[in-house]
Amino acid sequence: MKKSLSFMLMLVVAISLVLSACGQDKNNGNANTNTGGSTNEGTKVESDGTGKDFKIGMATDVGGVNDKSFNQSAWEALKYITASTGAETKFLESKGEADMEPNLNNFVKEGYDLTWGIGFLFTDAIKKVAEENPEAKLAVIDAEVAAPNVTSVTFAEHEGSYLVGVVAGLMTESDKIGFVGGMEIPVITRFEKGFAAGVAAVNPDAKVTVTYSGAFDKPDQGKSIAATMYDDGVDIIFHASGGTGNGVFNEATERKKNGAKVWVIGVDKDQSLEFGDEVTLTSMMKGVEAAVTKVSKDLIDGKWEGGKTQVLGLKDNAVGLPETSTKNVPADVLAKVEEYKNKIISGEITVPTE
Amino acid sequence: MNQSGAVVQLKGITKRFPGLVANDSINFELKKGEIHALLGENGAGKSTLMNILFGLYQPDEGEIWINGQKTVIDGASKAIDLGIGMVHQHFKLVQPFTVAENIVLGNEPKKGMTVDYKLANQKVKSISERYGLKVDPQMRIQDITVGMQQRVEILKTLYRGAEIVIFDEPTAVLTVQEIEELLTIIRNLAAEGKSIIIITHKLKEVMALSDTVTVIRRGKVISTVKTSETNERQLAELMVGRDVNFKVEKTKRQAGEVVLSVDNLRMKGDQSKMALDGTSFQVRAGEIFGIAGVDGNGQSELIYAITGMRKVQSGKVTLGGRDLTNATPRSVSTAGVGHIPEDRHKHGLVLDFSLSENMILNTYFKPEYGKSGFIDYKAMDELADKLVKEYDVRTSGIHTHARALSGGNQQKAIIAREINKDPDLIIAVQPTRGLDIGAIEFVHKRLVDARNEGKAVLLVSFELDELYALSDRIAVMYEGKLVGEVDADERNDEQLGLLMAGNTGSADNGGRE
Amino acid sequence: MDTLKKIFNTSLIVPVVSILLGLIIGAIAMFAGGYNPLVAYQSLFERVIGSPYHMGETIRAITPLIFTGLAVAFAFRTGLFNIGVEGQFIMGMTGATLVGVLLDLPWYIHGPLAIVVGALFGGLWAGLVGYLKAKRGVNEVISSIMLNWTALYLANYIVAKFLLEPGQQKSKPVHESALMSIDWLVELMDKARMHWGTFVAIACVVIFYILLWRTKQGYELRAVGHNPDAALYAGMNVNSTIVKSMFFSGIFAGLGGVFEVLGVFGNQTIMAASPGYGFDGIAVALLGGNTPIGVLLGAILFGGLSYGSGGMSFGAGVPSEIVRIVIGSVIFFVAAHGIVKFIIKPFMAKKKKEAA
């Protein structure tokens, strides 16, 4: 027994020795690492070399880096940073909530200059790591963390939602409009209230039906909610429900094929690219990529400010409609949108959040 | 073929298992076309030797010669290549497959990438006709009788081209008719030039079938003799190592108080039929009450009813005046009933427990085996040591899994446990099924001893020899009730046979209804 | 002491060779993907034992797997396949959160009470499965899978309805008095989240052994597991044993959840999907051959690999898909030790011959 145990230990030691010895002079082309030296296909940005001495890391939430949503957008941003400044960037995926803290710590303890936590699930982890490592710099998307070494980035979703509300209010023929939310949490209520305010501003007769599915990952529920709404005469649905919204798009596509005139307004990114122009009226885009780029660039340029929450809204071009909207939204409506956008930026209109 | 005409020669085979030498420099020779019986008690080392020949075990010492060539058989597939086939005691068949599919399994005739079932069926048919082994190739294994399944096993070996066929206890699972048919089949095989080894502990079969007998005892070859030059008695002595009593010594004695009283029991069966349909009888202290009958006439259900393992719809069970109708198995056991169950693997033992753990299977909760919820392993082991000695349970140790024991020793362990509980009533169901002579003699003696000590014994058996040898009174069970009682002192197979067939008319109404 | 010997007697050579084979196959996969396996494995080991923080976090990752592995193994010993450990884990979390958030008690009552309530939540949730099986003959696999979902949504409902931190998707923080972190150890391990759950888990390994192999209750549980017919013959109450077995199994699972709340997070989030420790527990129990020591070792392997896999991404840039292939092949070879035995048999035989 004792003999075999020591044999096993010996093996382990032997393996690790061999591995470390062989591993030393090997060059590695890291998939989750961007270095200034490596070429990034598709990006034709000239590196100015300003970020050569900077290392920026990001921890994804459970969606992973290929989630076609904000994790991916954030990583796109860091890729751009590497291409344009030569900074080294890297990501770690969190398999569960328990992974988030060690993933952040991994970057912090490796001496990274900035560590991103992507998504509101990082709230606690960012706070804890920031407090334990006051010299480290951290940033978080979609959450507010009060610590002197953390930059929080949130979005004025209500402002963007107001604008798609304007589109919906002007384009509805039945004067019935639907809103499908994921969970009834503050960030989603902002979508709802802004949207309703936008509709009311241009079409006081229109009625907005609101349903929360209770989950962000239940397309089947999204589909049945959409079916109920469309049956009820609703012709435009705005969803802020993540994966649940895929069901809304599905239902709309089926009805469109049967000749019904129904629309969906997408969320977070330009969803017409995924679900097609036939059903996607427009989308309420959230500029995660822009936000991550901006804060990271600030760091490299020496303008990084900790302890602040940056609420990015219309004025920062961080929320709003995609350019593809011109396909389905008439120019006069878009002109109206532009008009309201200016009013919000100027402060003439204050969009309600709750 | 070498000069001696031997197809198999085993020279000085030794196989050791932890704590026991299963085969001790065994020499064995099988000639072409002969039927060679390998006789020995359970656990003598017969099966080990044959598993070595079939490549399932590797010998620690010794040589194997096949057809005059020295060989190493390092697996069953090698053995099959050498023309050795084995029909195991526990069949290795795929239940949902058809007969033909099972036979060709592993060596299927192919048509391109797929199995050519038509050809398979044809092949199976032709082999089965050649050796007189009637089977329907299209039937599924799960739908055919045990006897038929055994034929499939035999056909499997023949299909693979076996010239040497080993049968491991082939009659243990068969009915009387099936045994007769099997013996014929084996004779046919030998006549066709196959060489046969049959592992058995049944003397009658050895005498009826074999040309040569090799007797093995405790891992050693005791003797190899020509069957025509010996007799049952001599073989039994060689096998057991001492004089064997075929008849149990039993003095006539007066029965005492009523211990068990069963009154008009009724229990629903698996189908709509009543499994027990008004069964009544009494068993007195100091007597063995035998219940005869064809299997499936409610004997098992009767025992389940008495021991509380299944509920009855009506009727009454009393033990020493105490009402035990539909009592739990534990309260029946603690009220003074020892139960040697029909199926020792299903009910009698937890095969993956050690022998020691099995010894307290229905007494573990008692304070002598540990207080405050913990098991006193020392007390348990002491009990096991004591019982193993007293009842001569052959095992490599009390911590051996019950599974590793031979059938006879498993049965001895159960009997030891049940009698040691010092019950007022001992229920023994088929207590000697699958046991060899030595073990049967032992079990019978223990049951008679218990009776002589004044215990009531309820014996259920399908073997008339056993019932007559042990019982003081014999009743016949038919379709859920006792249809008649016969005199146990005067053997009358014809009368008993009629009762067992449900023909109560000719019985002189001596039944206890 | 025979049983104790049995637990240890599986030769260590087979698991070691299994792990090595798995790593080799994983290396081939990484090599094919254009990544340097040696750097990756170096990073793996570094992440697991490279610094006090990572060592601590590895232990933190292993701890819940010990609990869920024991839970699966325990039920398995009684012949039950408890696939509902996930749900029982969640119920354990919920019980602990309820007590931890809603009550305000001195620490010497609060913590223990939260643990007991969480464990009971898990136990009763599993007991329900046992009851359905014993009384209604409902297959435990089906009912426990369904109860996994029920547990997830019930937990989310409870958190949202009674415990919600305003404006957040999680419960209010558990009171300090119920938290189970070990502060000095946290400091020692460079702020890794060390908690008493690890010690409770190890205690549970011992309890698992004592309960099953030393007590009369355990004797019954094992008898029913091996042979319910013989257990019935022996006068055991098979049905109540099934319920008890599930209950104990659920307690192990529940404790796992308890310490995730009290030791790691200090609150409970509204979960979009279950955390997955219960399912990993099935793998751990399998790896450990359903023995307590085996489960402990299996949890160490599984937890170490899955925590260390982050290192492979970090150090060698191996994408998570390929990391999963590596982990999968190690687990595969450890679980399929029959194959490994077959592979090393010739070598072992040779060795034996040389020795003889």
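Every chain is named by a letter (A, B and C) in the order it is written, and numbering of its residues begins at 1.
We take it that a residue touches a chain if its C-beta (ideal position, glycine included) is under 8 Å from a C-beta of that chain, and two chains touch if they have at least 3 such contacts.
On a predicted model such as this, the values are computed, not experimentally measured, just so you know.
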In terms of C-beta pairs in contact, which two chains are most connected?
A-C
As a test of understanding: of all chains, whose mean C-alpha position lies farthest from that of subunit C?
B
Argmin over chains of |mean CA - global mean CA| returns C
What is the distance, in whole Å, between the centres of subunit A and subunit C, each centre taken as the mean of its C-alpha atoms?
33
Nearest whole angstrom, what separates the Cα centre of subunit B from the Cα centre of subunit C?
44
In whole angstrom, how far does the Cα centroid of subunit A sit from the Cα centroid of subunit B?
72
Which positions of subunit B touch subunit C when the two form their complex?
307, 309, 328-334, 339, 341, 346-354, 357, 361-362, 364-365, 369-370, 373-375, 377, 399
Residues of subunit C touching subunit B in the complex:
2, 214-220, 222-223, 226-227, 229-237
Within the complex, subunit C is touched by subunit A residues 1, 4-5, 7-8, 11, 15-16, 18-20, 22-23, 26, 28-33, 62, 64, 90, 92-93, 95-99, 101-103, 105-106, 109-110, 120-121, 123-124, 132, 183, 185-186, 215-217
Subunit A-touching residues of subunit C, taken from the complex the two chains share
8, 11-13, 16, 20, 23, 34-36, 38-39, 41-42, 45, 47, 51, 53-54, 57, 60-61, 167-169, 191-193, 260, 264-267, 269-270, 272-273, 275-276, 306-307, 310, 313-314, 316-320
